[in-house]
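In what follows, chain A forms one complex with chain B and a second complex with chain C.
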Partner chain A sequence: MIDETRLIEIKGVSKSFGDTQVLHDVDLYIRKCEFVTLLGPSGCGKTTLLRILGGFEMPTSGEVLFEGKDMTGIPPYKRRINTVFQKYALFNHLNVFDNIAFGLNLKTPEQLGVKTKKEKKAEIERRVTRMLKLVKMEGYEKRSTNALSGGQQQRIAIARALVNEPEVLLLDEPLGALDLKLRKEMQLELKAMQQQLGITFIYVTHDQEEALTMSDTIAVMNGGRIQQIGDPKRIYDEPKNAFVADFIGESNIIDGVMLQDELVEFCGVEFQCVDEGFGAREPVDVVIRPEDIMIVGEDVGMLTGVVESVIFKGVHYEMMIRGNDPDGIRWKVHSTTMQPVGTRVGMTIVPYNIHIMHKARTADAEPVAESRNKEA
Partner chain B sequence: MKRSWYASPYALWMLLFAVVPLLFVCWYAFTTPEGAFTLTNFQEFAKPRYAAVILRSLKHALYCTVLCLVIGYPTAYFLAGRGFNHTQSLVVLILLPMWMNLLLRTYAMMTLLDDNGVLNAALQAIGLPKVKVIGTEGAVVMGLVYNYLPFMVLPIYTVLKKMDYSVIEAAEDLGCNPLRVVTRVVIPMSLPGIVSGITMVFMPAVTSFAISTLLSNGKLRLAGDLIDYIFNQSSNPNRWNIGSSFSLMMLVLILISIGFLRKVDPDNEGGGLW
Partner chain C sequence: MRNSRGVRTFRTVWMALVLIFLYAPILVMIALSFNASVSRSQWTGFTLDWYVKVFHDPSILGALRTTVEVAVIATVVSTVIGTLGAIGMHAMNTNMANVLINVSYLPMTTPDIVTGVSLMLMFLFAKVPLGKWTMIMAHIAFDIPYVLFSVMPKLRQMNPNLYEAALDLGCHPLKALYKVIIPEIMPGIFTGTLLAFTMSLDDFVISYFTSSDMYPNLSRIVYSSTKLGVKPTMYAVSTMMFVSILLLLVLINRRTKLEDMG
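Let's turn to the complex of A and B:
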């Protein structure tokens, strides 16, 4: 599906608003038909990056190439890119049909592949009808947009952008205002639409689960920098640093010391691991997913502790276990079997579930040498 | 005591000074001085000298409304725009003249535009010929615009201010150049404000009183002045009846306009006062 040609290349893009720098030297390329998600907490610069792609903001430095051509300074209306806005931004003076037809109406008959104005009208009607079918809103043509529910408005906003057959569709947290069930449905629908139409999607969200569900590629952002780029599985299984580990899914992040290749010490215990190439006695962050900790009998556990709290989460129980080590680390453990509060338990972790990371020098994450070119 | 009773002083006031007088107006409009029912009072306005005043009122109110729209819309658009930090003070500046009495404002204009007024003194000082403003139709329209412009700016400003900026970005995104953003999105979406503004300017301009008489040296009377003139015609035994019928006609005209406004802006988004 994904074409290897690079449709968009973002090279060294920085952006400042007054004294605040919101993007620091961002590099990213996007391939044709790829579903790329910019993921990060609010204020990480993801929306600003998206707005630069849409033409609503200008980068302070750096350049954005579209099919190899610089598109800095080209206004939004001249870009083959359409946007689905966070709050939909529907035109409430127009009905559903006219909202979707808005972009097409601005085009000349020739641009729509027909000759006369009459043919243009028929062509617009054909395309709008097809789009309404795609977003499952047939029969709503004459409705006022004010009378639609949030989910319906969302569908119209998507149809209004997609009907123009853009090369790239930008989506700025488009599902943020929907309830959980509808959001999950729309995630799958959007992904299906993207594959069906073969359009490049660039999607902004702070919801890691949404990113994992839909994306071909995720770019995790924090503090105006890209922390890691990779496919969802890789980002989840091999987070590059503690920020990514913490943001994508839940994690236990513990201070440790690398003793030698494939041997790490934390909580006063030595563990086999699979990581190599760290300095001798280098302090590291050890990341362990809650579901990777197995509860065993106290006598056979590598670590021991006491269950402090238990929360039922639906699929599993989430337990907080206070370790018996001198620091008394609190472990978050996901398990399908419940241990009552106060139970003394043992915990084991298999070597490949222990992820070792270099310590970030500051809390806000120094730039991590991150490039997809190496991976690709 | 029930809560609705708290409004009774107002109800009494309205009854005495609005409802009862209105009933008198209706009574006089449809009767002769002797008290017999008649429709002849309304026929008076077919007379050329009265018809001319009505036509002139409509014409001047129309000029005034168009000018207010042409001046007021860009002003409101500018004030409602992003990145302008002094909006509040400018809105106050626009409202400021409204805090002064209408007659005071009009007399001030007379002083400025008079044949020997400030404007002409300034023109002479730089060696230009005097211009005659007071007494012309232009002066009357200027006076109307000056008095009613804020009523055009404010409702349009309110609507534009409420408009979500992302709608404008959406229009650009879908292929609108800056001109088309205005013609296809901004103006259509601010239509409730425009309609409200037009009504709030046109209605008082049609029925305006004193402004025209003062600025035209009494030469150009408008409908409001005509009503005043008729009621003061001491030689005419019908003056109360004809004046009332004329007042009633203006009232009907305003009611029709409100009906029109409600149709275009059913939720009163324009924030109109009428």
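Let's turn to the complex of A and C:
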């Protein structure tokens, strides 16, 4: 599947617009056939990074290598990269067929592997038809793009980019405008297409669930810096700092003190954990996912508290539990069994579900740029 | 809110009065153009003679040709300059661009007589003899804002990623301009063309100051004839001008409405 050769290398890329710096010294490499997601809140620089890859913006400093060659300064129309834009950007004056054929029409017959103009026309028709089938839009060739629904327009935009057989496909929040059900369907379809075609996808989104569903690798971004790079499971289970833990899924993040290797104290209680290598009595952030807290009888719990609120979320109940410790920490707990408001409960957490993180040195962004973990 | 009968009657009468004051003069002129008598005070029967005469009068036909020629050339040139100018100013995307756009709209609000006199002074200063070409240049100058005015909103409505999508799919910038941007704003360009053409046909004051009696257009002929006593052929000419401009305006109006819905 994923080839180990590095297709794209982003080296020390920074970007400023006027006085605002939106990217700080970003390092990232992308392997052939990989599905990489740039994930982060709006304004984190993820779209700017994508636009630099597409050739629509120039980095202020740093370089972008494509197969080892510097591609800074190469205009978009000379890159073997195509883009699916956020609001589709279909050409309304052309019908569905001509939208998809747009890129192919600009190529010479030789570039399409045929000799004459007539053969080119037939080749274009063959490729467009195949692409329409891939995005499940057969029979829509002659339709006007205005007459299509949002989901259909999205499919045409994807087909228009993919038909050029790019090395890399850039997708800028392509599913943002679709409703939830359609979005989930398209996520699976996009992933399937990517695997079937063996094209590198670089995907921008602020939706952490989308990122976890589709990606081989996620780069979490905030404040113009990459916070963490890793596969979805690693990012979810072992967030590197409080920002990542908070952004990826829901978390309880509590102040704690590391007593020794594999022993942490928070809420006045000592807990066994699996982390080591911290300094003695080092203050740390402790992350515990809401689904990892088990509700037990008050007398057997490691921690105790009182249920303050209960919300039904479909698969589970989300409960807020006020701890009985002096600070009265509010725990977010997911459970399939409901405890009525006011119930006094106990809570236990198994050691490998307690995740310890170094305290971030600044409030908003970890200044240390993340570089990629080899074992990921 | 319910109105009493009296209020409703008043409203209808008021409306009718407004319409009469606005359109009665034109209706009288149209009626007179079909009057068999030369006299303005008596109706002696319906005739199309004056219309036939118009098409046999070499001076009127010459003026018609001048009017159409000036309008066509000025419209084509101003459409090209206006469209490219709009695209350029739109792409500037700075505070300066906004100032520039507003300044280019200014001629629309300047009184024709000011525009006409100042253009005439400019031509005289530059020692360009007044004639057909000075008139064409003047028309180009006052047509351009109308093209800008129609094209600019289309550019603002356009998805900003369209140009980038064209580059992304392999167009170099110039190709992206004519393969994607121009077709996308075509409705606005076409409306601008119609407006410019209408304004050119319609114009008297600016043409009067920037041309000479050697190259009269229709409005100049009508104006000159008033000095010698108006002949009914002039009513026929004016009626035809009125109707053709009315039709153009209806067309522009319908287009604008369609675009607003689309």
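One rule holds in what follows: the second predicted complex is superposed on the first by the 370 of 376 C-alpha atoms of A that agree within 3 Å, B and C clash if a C-alpha of one lies under 4 Å from a C-alpha of the other, contacts with A are read in each partner's own complex, and residues count from 1 in each chain.
In this section, a residue touches a chain if its C-beta (ideal position, glycine included) is under 8 Å from a C-beta of that chain, and two chains touch if they have at least 3 such contacts.
Please read all numbers here as calculations on a predicted model, not as lab measurements.
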Query = Quick one: chain B and chain C on chain A, clash or fit?
reply = clash
Query = Once the shared chain is lined up, is A:T83 touching chain B (first), chain C (second), both, or neither of them?
reply = both
Query = What is the contact status of A:F91 with respect to chain B (first) and chain C (second): first, second, both, or neither?
reply = both
Task = Examine A:N164 and indicate which partner it touches, taking first as chain B and second as chain C; both and neither are also allowed.
result = both
Task = Name the residues of chain A shared by its contacts with chain B and its contacts with chain C.
result = 54-56, 75-77, 81-83, 85-87, 89, 91-94, 102-103, 106-107, 160-161, 164
Request  = Would you tell me which residues of chain A are touching chain C in their complex?
outcome  = 54-56, 75-77, 81-83, 85-89, 91-94, 102-103, 106-107, 146, 160-161, 164
Message = Show me the residue ranges of chain C that touch chain A in the complex, using the header's touch definition.
response = 159, 161-162, 164-172, 175, 180, 183-184, 186, 262
Query = Hey, which residues of chain A end up touching chain B in the complex?
reply = 54-56, 75-77, 81-83, 85-87, 89-94, 102-103, 106-107, 160-161, 164
Note = So, in the complex, the side of chain B touching chain A is made of residues 164, 166-167, 169-177, 180, 184-185, 188-189, 191
